[in-house]
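You will see two complexes here that share subunit A, one where it goes with subunit B and one where it goes with subunit C.
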Partner chain A sequence: MGDTILELKNISKSFDGKKILDDLCLNIEKNEFVTLLGPSGCGKSTLLRIIGGFVKPDHGQVYFEGGDITSLPPERRQVHTVFQKYSLFPHMNVADNVAFGLKLKKKSRDYIAEKVRYAMRLVNMEGYEERMTTSLSGGQQQRIAIARAIVNEPKMLLLDEPLGALDLKLRHEMQRELMRIKQEVGITFVYVTHDQEEALTMSDRIVVMNQGIIQQMGTSKSIYDEPQNAFVADFIGDSNIINGIMIRDRLVMIHGVEVECVDEGFDPNEAVDVVIRPEDLVIGKKDSGFTNGIVTNLIYKGAYYDISVAAGDYEWSVQSNVPAAVNSEVGLFIDPENIQIMKKPRSSDEEVIDKLG
Partner chain B sequence: MVEKLKSLLSRFYILIIILFLYSPIAVLIILSFNDSRSRVVWGGFTIRWYAALLHNSQIRVALGTTFLLAFLSAFISLVIGTAAALGIASMKKRSHKLMMMITNIPMLNADIVTGIALMLWIIQFMPLGFGSVLIAHITFNIPYVILAVMPKVKTMNISIYNAGRDLGAGPLRAFFELMLPQLSGGMISGFFMAFTMSMDDFVITYFTKGAGVNTLSTMIYGEIKKGIKPEIYALSTMIFVLVLVILMIMNNMPAKEKRKGEEERGNVYD
Partner chain C sequence: MDKVMNRRSVLSGPYVVWALGFTVIPLIVIIKYAISDRTGAFTLSNILAIFDPVNLKALIFSLEIAIGCTVVCILLAYPLVLAISRLKFARSGFMLVILILPMWMNFILKLLAWQMILSSNGILNMIIRAAGITGFDISNTPISIMIGVIYEYFPYMVLPVFDAVIAIDADVIEAARDLGAKKGTVFWKIIFPLSLPGLMSGITMVFVPSMTSFVTADILGGGKLQLVGNIIEQEFIQSMNWNLGAGLSVALMIFILISMTFTVKKDEREEEEAW
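Showing the complex of A and B:
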């Protein structure tokens, strides 16, 4: 791995007696695109504000390139933030907005003009220099906010749900733009979002947070394919989470049926959570799958059908390209590779999560 | 039928307003150009009363005092009032309400009560003179500034301050360069409101001025006792025109901001 640029050590923060961050540790590598992902109130924005210098942690230290910056004010950090509400300066035109940081650093006029031109080209906003920021659309304003931060050549860019206010199509477009910009300037991005799709699309590494604790860290693929607990499984994509008993290695009992899987290393007869993604379930003829069920609901979603299948007292969620008739009895198939076995929560932290899930 | 009656009544209303409110002012303005000391005989057009006005040192001094007083009191109450508005806006709801009520009292209070009260109070510390009038004017001007600035404070975007800090501005710089401009509309109209209030005031000035200090209004009041001179018409006309100009400037500013607001709204859809 590369060098660590930012190190968060045992960060805790409470607001009005409510614990927002609890003894959190996180290292961020140089040039990484890290996404802090979690539901609202999970502490991800507070963490970003601690990195930016707007909030002081109650406990813990923030190290930037090895130096302790815990009590450094935001204006002296080599980190810039793109805020959720853009926060462009309304009384300045676009060029003056972008040049603001450089003017504070007393750079020469030519240098500033050159840098502003580069930044405007980077975000595809050439020709808008003289416009007032209030006359721009949301997407355009966000581009300017990014240019305004990047023009100062920060070593790290923090983005606080920057695409939250945009419509779906624009959001997808800006996701691609952000990845391109990241590649071109080659700096570390720390991105906060509650949108799992956004996180999966853009990140080198996703940090899933809940209740002020990191639930899981890893690449998009590892988070999606191998969630380590029920919260992550439920939050990232849709899942069927069922109680199961691990009979022995590679064999799990679900609803009284023994099903082959690929997981090992559990105690014999250990109670486990079994995660199966809806798109991994296949509907077939009755009595041919691992369980039978009755189709209770069918919703057309465009790219696929969302099908509910009731088997015993559990309702399976299935995503399929082919429809199944409501009230018909069907069999469910699963590839052993697509079964994910998780330990049942034991620590108190995990129990909190379990209750929520 | 109803529509016809409506338009007839509204025309009638305008006629009455013109008749009772503006025609006396028009008469005053006409008289200021009348080349005769009589109030009923038109002696031809002249500007000699205006010329006489300029040569009257008493009036010149009073005019200077009035403007100096209006400017200083408006400026100082602008500083105090803006700071107060920022402070009050960040208070908790209950103290916020209480402070706004306290702010409103001096505006609703009868001028004569405020005037006498201020006189009795100030006289404990200093002799009456220009200083005491200035303090009195600042006192009654502050609420107007607070009221003008407060709506701007409430719609102020705090994250702009954070964005400024983030880009390298210190706390003071971020406040003065990024936050204060957001209040500028309210501050300008607050300043002009205070300016005209100060120019306009007679009662409070009269009680707090002491001997030897005269603003235009107190001077005219003194002159009238000796009989009205045509110079006073000229002077009144000038004051009227000046206030009219300030009023037009003030009315034009919110209109500009409204247009800007509409642009913003229009752009939500693109």
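Showing the complex of A and C:
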């Protein structure tokens, strides 16, 4: 635990009587790329603003490298923020924007010039120094915003949906850029997004949030493969979430059919949520799978087909490399390893989450 | 396309009539009077009369009053704007209405009220005496003229500055703080430079009328302190020398236009630098 750079302890925050963050605890390690992921209103941006010093929590403490910074104003923190709307200074040219923080620290001209040159090279914007920020494209402005923060050598960079305003292609390009920059400067990144694909691509660790509490924390793979509740399963990627009954260990009943799985540790006949990823379902001949269904819809998505299969009153979502004829009756297969069993939500918070899902 | 344009240009008809009738034609008449003597012969002496010691003294006094009022308005406007801009929308709207409220009242009426407040036996002098300061009478001083002028034109400074400040993105201010700027630095490096266009229109709207507010000088200055506007008024009304009055008006207009090009020039230069 010696490598912890930031510690959030029992953070609570309400706005106008509405609870945004509820007794939240989170540790962030040095040089980690942590992503706070969740739908809008889940509290992720508020949490970032608490780390940045723009919002003071109602309860709880923020420790930075062991010191309590809960009441420290933003200008005295060693973290810098990259805002969603870039927020460049419109009355200054690019170089003056980037040099802003260093000039405030009264560094020498040569030092500033050197650092600005380095930062501009880092974000691939050499030659734009004299340009006005308003004449740049969104992607270029965001690069300058990143340079403006990084040039001050913060120990931690906070990124508040920095790619949210960019188009898809540019967003992918900037994701790779960000990972490269992160590697080159070797500082901690705390990244906020509602885009699960972005989170899965870049993060060392993802913190899935909803209703002001952390739903699950872990690597991209563990979050995707083993969601801990229906909210996470539904939010990360597409999922079939079905009511099931755990007959006994390694055997679950779905829609009246007993299916083998690999999960253990539930009460006999306990009601559970069963999560099956669409890409894990395989379409085969009628009567040979665990259930039969009628193909109701077929959409070509480029890399795969998106197929809907109606079985009883449930419509399965299947992703497959091979098409299936609409209106044909097919069987569905699933590998026991790919079935994820989750306990039904108990707390009211989780219930709200379930309804949202 | 052309037809649409024609129909649109019809809409500007009332404005064209207004501009011709109340600005362009009177201006031509004034200039014609200014460059001719009583017999109608061409002369520049009416315009150059601004350099007569009496007139020049009034011009300089007007300039002092105008600069003083403009500076005081700026110094009062910024703290007020910063305070109001932080309020929630409904409250800031209420504050602005309070500020604008006196503008709905008749100008002369307000001046007469100020005349009573600022008179030798008025409230202000009573307070000054009660504070133990003797031998000072605020009535009929340049200060009382300035109070009247500032009271009248202060909203014209606040509103454009407020518009400029409120337009600054809150994120930009947060970004500055995030990069290490304390509140004072945020003001001087971010808020003030970004509010300059508003400040410029504020200055134009306060400075120019302050220079010529002869009614204020008449009522609050006791008729002894003369702005250049008072002299022009006297030439027209008392001396009935329309040529000289028009000449001084034109000289004043030229002077104001020159000082305004300075502010506009400054604006342009900044924009060029910015690019």
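Simple rule for what comes next: the second predicted complex is superposed on the first by the 355 of 357 C-alpha atoms of A that agree within 3 Å, B and C clash if a C-alpha of one lies under 4 Å from a C-alpha of the other, contacts with A are read in each partner's own complex, and residues count from 1 in each chain.
One rule holds for everything that comes next: a residue touches a chain if its C-beta (ideal position, glycine included) is under 8 Å from a C-beta of that chain, and two chains touch if they have at least 3 such contacts.
All of these numbers come straight from a predicted model, not from anything done at the bench.
Enquirer: Using the superposition on subunit A, tell me whether subunit B and subunit C clash or fit.
Expert: By the criteria stated at the top, subunit C and subunit B clash after superposition.
Enquirer: Contacts for A:Lys301 in the overlay, against subunit B (first) and subunit C (second): which applies, first, second, both or neither?
Expert: In the superposed model, A:Lys301 contacts neither subunit B nor subunit C.
Enquirer: With both complexes superposed on chain A, which partner does A:Lys169 reach: first (subunit B), second (subunit C), both or neither?
Expert: Touch status of A:Lys169: no partner.
Enquirer: Return first, second, both or neither, reflecting whether A:Lys18 touches subunit B, subunit C, both chains, or no partner chain.
Expert: In the superposition, A:Lys18 touches no partner, neither subunit B nor subunit C.
Enquirer: Quick one: is A:Lys106 in contact with subunit B, with subunit C, with both, or with neither? Answer first, second, both or neither.
Expert: In the superposition, A:Lys106 touches no partner, neither subunit B nor subunit C.
Enquirer: For A:Lys85, is the partner it touches subunit B (first), subunit C (second), both, or none of the two (neither)?
Expert: A:Lys85: touches subunit B and subunit C.
Enquirer: Regarding the shared-chain residue A:Ser137, is it in contact with subunit B (first), subunit C (second), both, or neither?
Expert: first
Enquirer: Check the residue A:Asn93 against both partner chains and state whether it touches subunit B (first), subunit C (second), both, or neither.
Expert: Second partner only, subunit C.
Enquirer: Please report the subunit A residues shared by its interface with subunit B and its interface with subunit C.
Expert: In the superposed arrangement, which is not itself an observed complex, subunit A uses residues 52, 54, 73-76, 80-81, 83, 85, 87-91, 100-101, 104-105, 148-149, 152 for both subunit B and subunit C.
Enquirer: So in the complex, the part of subunit A that touches subunit B is made up of which residues?
Expert: 52-54, 73-76, 80-81, 83-85, 87-91, 100-101, 104-105, 134-138, 148-149, 152
Enquirer: Name, in rising order, each residue of subunit A that touches subunit C in their complex.
Expert: Of all residues in subunit A, those touching subunit C are 52, 54, 73-76, 80-81, 83, 85, 87-93, 100-101, 104-105, 132, 145, 148-149, 152.
Enquirer: Name, in rising order, each residue of subunit B that touches subunit A in their complex.
Expert: 157, 159-160, 162-171, 173-174, 178, 181-182, 184, 260, 263-264, 267-268, 270
Enquirer: What part of subunit C is in contact with subunit A in the complex they form?
Expert: 169, 171-172, 174-182, 185, 189-190, 193-194, 274-275
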